[in-house]
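Each of the next two complexes has subunit A plus one more chain, namely subunit B in the first and subunit C in the second.
Then we have the complex of A and B:
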């Protein structure tokens, strides 16, 4: 009886049936909250007021987005010559490289888009009588981009070097691999606690070493010049593990025969790393970089727990701003508008990852 | 044997199934693992309040109190999320300045008609404490203390700098110029910083500046909701502090833990911190391993014309939904609050000032360590005008003040930015 009923299900039906639990969970916990978030972002929505009176919200269309991202009398011009100049150089480079077929079409377009954004975005500024409605939003976005810009290369390069160094089947290397991966399993609270102690100018390890070397300890977490560096260092230490494992997996995919052949051509050590390892790891590196970008745009705990966004907002990041706007200020509508903005950024990088993933398969 | 065990297990099940009313309680003040139920010997805010709560759970018939895990820094966010999710704690501690925000939305139960039946006598409350928990005629909380900024003084270092009176009290400044002169005299004599405080993260700097604003008869905003930050009074208040940093007489980059450690290590003459650490510093000073030995507590000095210092008040509140939907738990929650209020003297041991006239006048209260040294603080206590945006305003000020002394932002820019941001918040 049972087998007959099973036989009645077509392969398509069986697939659907098996997919239902996932789809239902996905729809309930991801798709629905996402669209609800977008819907909330179009309302003047006080977290507590709406909890007590569902009618206390008011539809305001895109006003929250305007309130967060725009201002009065905003003009466009050469407001940030350095960034905009870099963008122009990038645009020219993309065109030249593409014409000479030095880079793939995709890379040329990616470079072009990033450069164009660099030219356009920093150009907006308030005119003489104008102001941003929210003067903290764009600097916060800038801090988040800076954090990502420092952390991703930091994690990628150090994980790559560690993986290359430990890609040997000895007991010592096994122990070292485990040790380096251990930090990854800690929660953000533990990581930030460890690093707050490390950075403490009074009892921290770093301060002690500085003093032994005859220097004056740095107030890492409250000094404008070092606060961002401090949370980047803690984050690199924390996120090394998974990147290292991915690189190790990539390294073990490279056939030893290639190295042997290279050795015959006198390519050993750093030369082998540069000419053999790196080109063969290209796909893994791209994967690690894109994953890290998406991950670190969502940085919250390190800034919230170690520096509280300070000093003077230098380590204020987007998710922390969303959190404060939503919970401290109860402005859920505005917080959701920022969250949608963050989604668009991360969505953009996900598309990049998707395209690169497809390129690989071809 | 097995039979005996089973019977015991059954008995235990029955015992625990007795009709004990569970009251969930949320609080800040930090964690204390083994607080016990002895309310008279615990030390520090966390352990004193937890011992009182444990005692309430043990001593009130038919009521057990379950203290929820909460975190200091995110406490109000957790409370808001709990309200938004429809599961607020049955009893929770609040600062008086947050009551308008919650009460205006109907989140809090109006306790005014029920306090007497629960054995809570509002006529015993200090008038300022009653004001703090009153919103549009209703009483939305039961006050537990006044807390204020104090000068915690290392008398040995002050004596070295010749800044001690004949009666043993420290000589404190009476004007911004004198503050600078004392600090310079102190540094010359001891080589150490005159003043320490968490100017880098915790809003101690904000509290100093607003205290000095009130001392000049000014404020951050008026009762009509107009920001008035960018004023000569604010500049005078800020300059009083900045002059210490500019002359290397205080370090703005110390956070809470580091500034406290600097004071306990005898590296600074005065620490600006609240009433909540008096018993802790007192016990530390008694420890022979701690360099601080001669500890004194002074009122925040009056540096301008009027007498005023930043102060706040903690109190206990109950959600409106509990009063409406669950009268039994509501009654149990009130009994827990009444119990906590009965132990107001124990709570005052932290260093906080009592809100009960009967306690304030008692010999036991006045015999608490250092109490006579900062008696005037009770009459100096002041707070910002009631606002639903207290936290946001405090954060803006904290950010801009820190920008001045940590990142060199000009006072003009910081104040004009703060003026715009605070007005935006008040208008929203």
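Then we have the complex of A and C:
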């Protein structure tokens, strides 16, 4: 017995042996690339030049960040009243909701920070003789935010209503759920293939129906007014499933007794939804919204394949701009600076998500 | 069942049908002749019913073009990635959940931070790294980066933590080593969690677009997702609409079948993947 023990690994040795495969890949393919990305962002780094001659890069410190985000003679003021106004409303809302204890301190802070960014960031604009070093960067960020701002409420509201309707364990409901979830498993290229042709003014299903109804088909993907709407519609169709399932899971946790009690008070249907379902689902709703923000901020394929960022850059989004700057213009330094910017934003939302997730566990 | 319930089902069937229409349309177009589609896409019931019918698009797909090859690439990459992720996640998850060693909390914290790093933030440095190694246009270049994502480790960690300690202690008293406990006791217990992780990884691998787009530049190493992107930009002219739609159907078939058979696991996997990064 004793000799057999001696031949065995100690707990520490076993742990080390089991951890090494993961930690090695983690260090090599995630931690190291991350820091290398920050390193690249501080260089003038041309993809092709450096590939031929590793010394062809030049350290420039934070200049790439300046070239991407700043400009000459930049001033601050009420340059975008709509966004900034929205931010002010958000700030006020955060204060009021927190004062009346409708939301936790943490949620109030999160809402406040986002609103503050909305007040501050769009305020920067070039003065009379000024210009942005990169004219396309901030509009691209704006498009990405707009895309998120349209997609997330679209997904959340429709998923919530559908989940509330389907919250019963019957066979018919099971089939309906399957139908709504099915599109979620398709790849982004299948989704864009389907919707490119759906939206086509000559061959598309939507155009065919419009014509039968006597209307003129819209040129969805090449019309500045409709291109963003088109990729939002395709995205809502694609990604409704997860939100719906998360809501259904949240609805399971609300006991039927509450509904029965409410029914005695004549609160059924829409009233029950408003007064019971919504308040009880508050944390799930926050979680779904944050998840969707993280997911959709990384939008790439829809814009890249359906509209190629156009028309006139109206659907150009951040990841596509990073991809183009890096792999079409070969400017890896500037592209990496934008990638770090993306990471900071996503990281912020990930922290929010993590804290909400922990609240749930407790 | 009350009358309200039947109204509800009927009411929900309408949006459910609308939701199904785009997919149905793709399938239906893939069964119509290309010369008809060049004239009109709404022959019968807005093209939702494949009349006139033909299976030629699928025959062409396997006779010409690279779709079968891309399909095979996707199978190899997705299977390889799934096995790789399972291997590193179960081992690390077990060690972090059940074994005691110095700096364990630090290791967990370091891994947790990795959940915050999105693929889009590291794909440029990964590209230059893999270019330095001369790894691009290979299967391992498509597989390795995902193995570093800690989501699987946390899924397994949570599962292993929930297993009662007495099983392990009994085995320890009998003198069974840690590795044997892992292999013969823990892994068989972990089958449901491994299934969830496997499906999550397979779906991710099959549908991933950005990394294959930068890493696989030779058409021979395209995955089906990437290949489909490369033929859809000039769909109508070169290949014929019906054939491109058939490629789309073929590209979706494995994930849809996976979904219909393992629906419960798929939903679990996607919610776990969604709620944890």
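The working rule: the second predicted complex is superposed on the first by the 308 of 362 C-alpha atoms of A that agree within 3 Å, B and C clash if a C-alpha of one lies under 4 Å from a C-alpha of the other, contacts with A are read in each partner's own complex, and residues count from 1 in each chain.
Keep this in mind: a contact is a pair of C-beta atoms (placed from the backbone, for glycine too) under 8 Å apart; a residue touches a chain by one contact, two chains touch by 3 or more.
Remember, predicted model here, so these are calculated numbers, not experimental data.
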Subunit C versus subunit B on the shared subunit A, clash or fit after superposition = clash
Message = Contact-wise, after the overlay, does A:185 reach subunit B, subunit C, both or neither (first, second, both, neither)?
response = second
Task = Considering only the touch criterion stated at the top, classify A:51 as touching first (subunit B), second (subunit C), both, or neither.
result = both
Key: Residue contacts on subunit A - larger count, subunit B or subunit C   = C
Query = Touching A:131, do we find subunit B (first), subunit C (second), both, or neither?
reply = first
Inquiry  = Touch test for A:286: subunit B only (first), subunit C only (second), both, or neither?
reply    = neither
Touched partner set for A:329, first subunit B, second subunit C, both or neither = first
Inquiry  = Taking the superposition on A as described, I'd like to know which of subunit B and subunit C A:210 touches: first, second, both or neither.
reply    = neither
Inquiry  = Applying the document's definition of touch, where does A:167 land relative to subunit B and subunit C: first, second, both, or neither?
reply    = neither
Request  = Report for A:107: first if it touches subunit B alone, second if subunit C alone, otherwise both or neither.
outcome  = neither
Message = Output check: A:194 vs subunit B and subunit C. Expected answer is one of first, second, both, neither. What do you get?
response = second
Query = Which region of subunit B runs into subunit C, 63-71, 207-215 or 315-323, after the two models are superposed?
reply = 63-71
Message = Identify the residues of subunit A that lie in both the subunit B contact region and the subunit C contact region.
response = 47, 50-51, 203, 305, 323, 327
Message = Which stretch or stretches of subunit A touch subunit B in the complex?
response = 46-53, 131, 135, 200-203, 219, 221-224, 304-305, 307-314, 323-324, 327-331
Note = subunit C residues touching subunit A in their complex are 1, 5, 8-9, 11-13, 15-17, 19-23, 25-26, 29, 37, 41-42, 46-47, 87-89, 91-92, 94-96, 99-102, 104, 107, 111-112, 114-129, 131, 144-145, 147-150, 153, 175, 177-179, 182, 203, 206-207, 209-210, 213-214, 225-226, 228-229, 232-233, 235-236, 241, 244-245, 248, 251-252, 255-256, 258-260, 263, 266-267, 270-271, 274-277
Remark   = So, in the complex, the side of subunit B touching subunit A is made of residues 73-74, 76-77, 80-81, 83-84, 86, 101-102, 105-107, 200-201, 252-255, 257-258, 261-262, 389, 391-392, 395, 399-400, 402-403, 406-407, 409, 417, 420-421, 425, 428
Message = Under the stated contact criterion, what part of subunit A meets subunit C in this complex?
response = 1, 4-5, 8-9, 11-12, 14-19, 21-23, 25-26, 28-34, 36-37, 39-40, 47, 50-51, 162, 165-166, 168, 170, 172-173, 176, 178-190, 192-198, 203-205, 208-209, 237, 240-242, 245-246, 249, 287, 291, 294-295, 298, 300-301, 305, 319, 322-323, 326-327, 332, 335-336, 339-340, 342-343, 346-347, 350-351, 353-354, 357
